[in-house]
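Note that the chains take the letters A, B, C and D in the order they are written out, and that residue 1 is the start of every chain.
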Amino acid sequence: MKALKWTGGILLIIIAVALLVSSISAQSDLEGLLKRLDAQNVVDLNPKMLADRDRVLESHLDNDRDRTLRNLDRYLERHGDLLLLEGTHALELTAFRSGPIVSSVGVLLMAIGAALLATVISGKAAVRKAALYAVGIVLLYVCVYVVEQIAGTSSMLVTVLKKGAIYALLAVSMNLLNGFTGLFSLGQAGFMLIGAYTYAMFTIPVESRGQVYQYYAGGLIQFQMPVILAIILAGLVAAFFAYLIGLPVLRLKSDYLAIATLGFAEIIRAVFQYDGLGPITNGSNLLRRFTTFNSALFPFIAVGICILLIILLINSTYGRAFKAIRDDEVAAEAMGINLPQHKSMAFVISCFFAGVGGALLAMYQTTVQASAFKASMTYEILLIVVLGGMGSVSGSVIASFLFIAASEWWLRFLDAETVIGTFEVPLLRSGFRMVVFSVIVMLVVLFYQKGIMGDRELSLDMFKRNGKEKRGGRNA
Amino acid sequence: MQEFITANLPYLLGGISVGGQYALIAVGYTMVYGILRLINFAHGDIFTVAGFFMVYLNATMPVAVSLPLTILLIIALGFSVERVAYKPLRNAPRMSVMISAIGVSYLLQNLMWYVTGGLAKQYPTIPWISSSITIYTATTKMVTLVTPILTIVLVALLVQLINHTKIGMAMRAVSKDFETARLMGIKIDRVISATFIIGSALAGIGSILYFSNYTAVTPTAGAMPGLKAFVAAVFGGIGSIPGAVIGAFIIGISENIIKAVGLTTFSDAFTFALLIVVLIFKPTGLFGEAVNEKV
Amino acid sequence: MIGAAKFKKLFALLMVLTLMLPAFALGETAYAGTIKIGVYEPASGDNGAGGKQETLGVEYANFVAPSVTLSDGEYKVELVHADNQSSTDKAPSAAQTLVSADVSVVLGSYGSSVSIAAADIFDQAGLVAVGLSCTNPQVTLGNPLYYRVCYLDPFQGTVLASFALEEYGAKKAYTLAMLGEDYGVGLVNYFTEAFKAAGGEVDGETFPEGTSDFTAYLTTAFNNGAEVIFAPTSTPYAAQIITQAASNGITIPILAGDTWDNSVIVEAAKTTDVKVSVSTFFDEGDTSPKAVEFVTGFKAWLNANPDKLVNNGGNDGIAGVTPLGYDGYMVALEAIKAADSADRDDIADVMAGITYDGVTGAIVFDENGDAIRDQAFIKATENVAGTWTFVKVQGIIK
Amino acid sequence: MPDHVLELKNLTMQFGGVVAVNDLSMNIDKGEIVALIGPNGAGKTTAFNCVTGVYAPTNGQVLFGGKVIVSNHPSGKMAKMYLGADKDKFHQVAAPSPDKITRMGIARTFQNIRLFKTQTVFDNVLIATHLHRTSNLFTAVLRLNSSEEKSMREKAMHLLDIVGLADAKDEKATSLPYGKQRRLEIARALATDPTLLLLDEPAAGMNPQETDDLSEFIVELRNRFDLTIFLIEHHMALVMDISDRIYVIDFGKLIASGLPQEVRDDPEVITAYLGVDED
């Protein structure tokens, strides 16, 4: 059996490498491909055709794949009859279009091959489990990449995936505090604001600062930071503020802590909108023109790393201390857990990831304005955490995708007056979407009190254990 | 000195009047929290709905009919919100009840948006309250005077009810210990409904006073006063009615002093900062009794 | 009783499904095809009211001109709505909804911050957007595909300053704007610049969001001896300011920008002696044939549709932004006709050269994509009848 | 003569006007099992809470291994209301929080069981090993402390074996029967490597058979872990069986102390428990 695995693993890797090489070469030589299509270079005589072709090459150069494909389709559709589109050329065209998908399948096969080899080499259960999880994660990312290629990076589905991923991180970081440590904080929007502003302020290119800080003569900050550094700085600044506010506030009991953190978020918003700080925060005006991402992979990978870190924390000895504090503070303290220190640690870590989430949200929105970070944004995230299940990371992740998809995409049709035949659907007019959305929230909370996942985690061994769990009563 | 008074009298009057209105809302928050340990997020929106009821009812009925009818409708709304959104979650985790409250608040706000189209509606002038009078040198509305007096009278009545009636005693019992009260045969649901009825009625009266002073009614008009009233309730020690009233007046007046001094950009931020400072020194608010864990 | 719990769960699921039942649109098929125009407006949030009135202008224009004839036949024009909830965190997905509904042109939005927030998304999709009433310069600055049919804040701020100087000969002004709203803060900035340049004195405040008590601010203005109050706020705050000025006996004239051109303000000012004058894009009293035809046609259409009336605030007063919605729609049609196709890139190529003589005057785009406007209508509230009266057409005094 | 493991000097705790613990002085030596008994509401658990830092006593001192760990004197409002003795004997003020006292080596169980209800049996004990961790946040999260983690888990398993709960490792703590929950709490306390173990009515709610097993178990623990045990209990059988010395308090005041049989026949104790017979 071992030999079979060896050969299987190596074979997969070879195929993967082949796929990768072929797809990369197919994608690189677009100009050559277009020349071969137009053998008699009819293009020189026909200016309109030349303009369309140049548009294709130009968007290919600033590697905006979405626009390149769109321009290519237009070019072929308009001038198809003048080009040689049969035989090998048709094949090359499909290779160009499906390039990224082929290369992602290659990556997947590579991962499976490596996993197979790893299990053969060490054979330990832990390694087999780790390999399984690794392949699962690679599969997830490949799926996201393929979906993005097919649906196009600016389609509704991909947009919802991007925002859903970012809200997943925000929900998990809030769950770390409310769900795992039992600290009831409503300050999430404030720390997201700090993260978003810190990121935006430091990544605006110097040449466009004059335009962005139009009332403040280009603003004080006159340098630009690399993206990753700025995101981490966003988290650190949010964590620093969290430490400061944590000192007086963390001693308070649950509801008082909630209102104190809510108050703090409102104070932050007022400070960031204050005109006096204009040269730094641009006062009430928008921050824009900072570096953003366009592929959905960026937020997914960033959020993936953060959530992995949070899961590692929750299952570490410190995570167990947080859960002890949630269950019974007095007993936790009696077992030697220093409450102020651990509470502050949980609060600072949660706000660090809220800051990082805020930075990612800024990149998703391409503009940042303090007035959007209201208490209602914190309630939204709290809603996601409770709907997903307090104390369940996978619950928060699933719930955030469902929440964003429902509120910003699926229910949009309720706003538009639609006429079926001559019958005008009565209730549908602008504003009805939010009414239906609130009713759905109420129904879910009333009938699924423990949230979708309760406090269970979605994991591979959950399916194995399900049989046993049935015997033990569903929610003990 | 005389010039100082004329300049600052309007601020003080404004502070007292808005303080009174916050008090009427804050009492609702404190009572519901005292009984159910629930932050009733929907309370601020019930306050706004009362405003819209009055606008729509007064368009077709005389004030003498529309005023009491608004109070009745608001009581019915408060009662049904409790029965629909909170009763099924009687023994659910605290966080779910909180989300249900946020859900109701969302629902009420979005329903108001949907029904009224969102444009600010002009609150009808209530004959005696909205007529303007001049005190010393500052002209203002009758409501600025009526509010503090009416608030104190209503709160005094409420304190009497709490301390000297059967239902009042039941409320105090339930707020002290939910389970034991239930064991002692107190009909919990009736007590809770009574709390919501009183809370909503006071919020209804508060909204009549508030909107006759600030006459533009929009779906989110009640959000900020609701939040301020809750801050006042926590500031005064959540669960204690006198605390809520005093907290409300302090916040109302200090807010206006801040505006007079000219730091208005931070007037809301200041209210929260004041709350955080108080909570640091008195973790359960000015009059809240310190609840320590029984080990 | 297990049965009840099970039944409750089933009932809940049933309710959720029926509410989400997708409605399918079956339009008639008399045309060669349909061209979609995106309406990117707030239907909720602070600017929801203004957004709805602007959308009414676009919907009326679609009622007047439901189709456009291109070289290969007549196309039905269909509107696709997306509510950006007047907040920058909801704007991207609303903009995205329109991009993926493959609309040819986008109209909107009321409120500059949500327009700027969507600029990059429209730009990336190669989609031309026409700003209707967003006056912040940054909407078009650096966004090649974003055009605009109204004047800009720098112009409106200076015009109002000129009006304050000419009409009231004011030497001291007091400004009031909402903290965090770039429209108001921007206008105050330009007003102060122009007013100080003419030797005037200006001080003012920014009030926090959700404020309803303005007595303190009005009293400060009164104590400072201001001769004019400039308060470019959104509609709900406008009504509060007017009624509280009246109840506190403050008669200092109040000036504001286009957001105050709305029936709510006239209603609030009725039976008070508060003098409110507003700069706006259009005046119902304008006697030009195009304007009269629009006013009569729009009022008839409005009264014929009850829920349209509700969106307009329950009366048929015409808000300044409504004709802009109308003109914006017509400009979009002109662009589609000029490009002779519904393709975004073709429309983008011809857009710069489009001109249109609209209800709000001639529209010609400058190199930045803004309509060249050198005058604004000024109108004041007539407090007895509760209507707007035309004051003058105000240019910038050089 | 080596210092006492635990010594209470004039320990007094006054809530408002009620004196729960009144001028209690006692001591426990290495390896002893000492019981503190008294009728309900005599102030036993309050004394425990003063030792373990849950309350700061109104007056008096607690010494652990000769070193003062808790000390206070009536101050502020309490100075006026103070009813107890030796008002200004102690000037030093030290009120460490319960976790610091546990870190010194004093572990405790609770009268009404306080297990971590959402955690499994194994995790309940594992959490108590957190106290002696050497890893900081980063090494723990990035799993660089795998050796420490392994030794923690082994220690937890070992303790579960000793209390006989190894097979119920993955059960939810609250789903265990009452007696087992008591044993789990003891195992959890042991996981903090104490030198002094405070047991607050470990036999409450147990039937006679379980109580007998428990008394053997406590003695065995004392020998195996070289502990000193300070016990509050109502089951006289258990107390008389395993205690080296007994202190009796009533209404917060010490009324008798000494060897078990001396205390049993002490008239004061009998009246405290059974009251005076009306003749």
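Here, contacts are C-beta pairs under 8 Å (C-beta built on N, C-alpha and C of every residue); 3 or more make two chains touch, one makes a residue touch a chain.
Worth saying up front: this structure is predicted, and the values here are computed from it rather than measured.
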Any chain touching chain A and chain C at once appears in the list B
When B-C and A-D are ranked by contacting C-beta pairs, first comes B-C
Chain separated most widely from chain A, comparing mean CA positions: D
By CA centroids, point me to the most central chain in this structure. A
Chain A to chain D, mean C-alpha position gap in Å, rounds to 50
In whole angstrom, how far does the Cα centroid of chain B sit from the Cα centroid of chain C? 35
Centroid of chain C to centroid of chain D, CA atoms only: how many Å? 72
Could you list the positions in chain A whose residues touch two or more of the other chains? 270, 273-275, 330, 429, 431, 434, 439, 446
Give me the residue numbers in chain D that touch at least two other chains, ranges are fine. 54, 110
Give the residues of chain B touching no fewer than two other chains, as numbers and ranges. 110, 113, 117-118, 227, 265-266, 268-269, 295
Using the touch definition from the top, list the residues of chain C that touch chain A in their complex. 8-9, 12, 15-16, 19-20, 22-26, 43-44, 48, 52, 55, 80-83, 87-94, 96-97, 99-100, 113, 116-117, 120-121, 124-126, 137-138, 141-142, 178-182, 184-186, 189, 206, 208-209, 307, 311, 343, 345
Per the contact definition, I'd like the list of chain A residues that touch chain B in the complex. 178, 184, 248-249, 251-256, 258-260, 262-264, 266-267, 270-271, 273-275, 329-330, 375, 379, 382-383, 386-387, 390, 429, 431-432, 434-435, 437-439, 441-442, 445-446, 449-451
Provide the residue numbers of chain B that touch chain A in the complex, in ascending order. 33, 37, 39, 41, 85, 88-89, 92-96, 98-100, 102-104, 106-107, 110-111, 113-114, 117-118, 227, 230-231, 234, 238, 265-266, 268-269, 271-273, 275-276, 279-280, 283-285, 291, 293, 295
Please name which positions on chain B make contact with chain C in the complex. 7, 10-11, 13-14, 18, 110, 113, 116-120, 122, 130, 132, 134, 138-141, 210, 213-216, 218, 220-221, 223-225, 227, 255-256, 259-260, 262, 264-269
Which residues of chain A touch chain D in their complex? 309, 312-313, 316-318, 320-321, 323-324, 326-328, 330-339, 345, 391, 455, 476
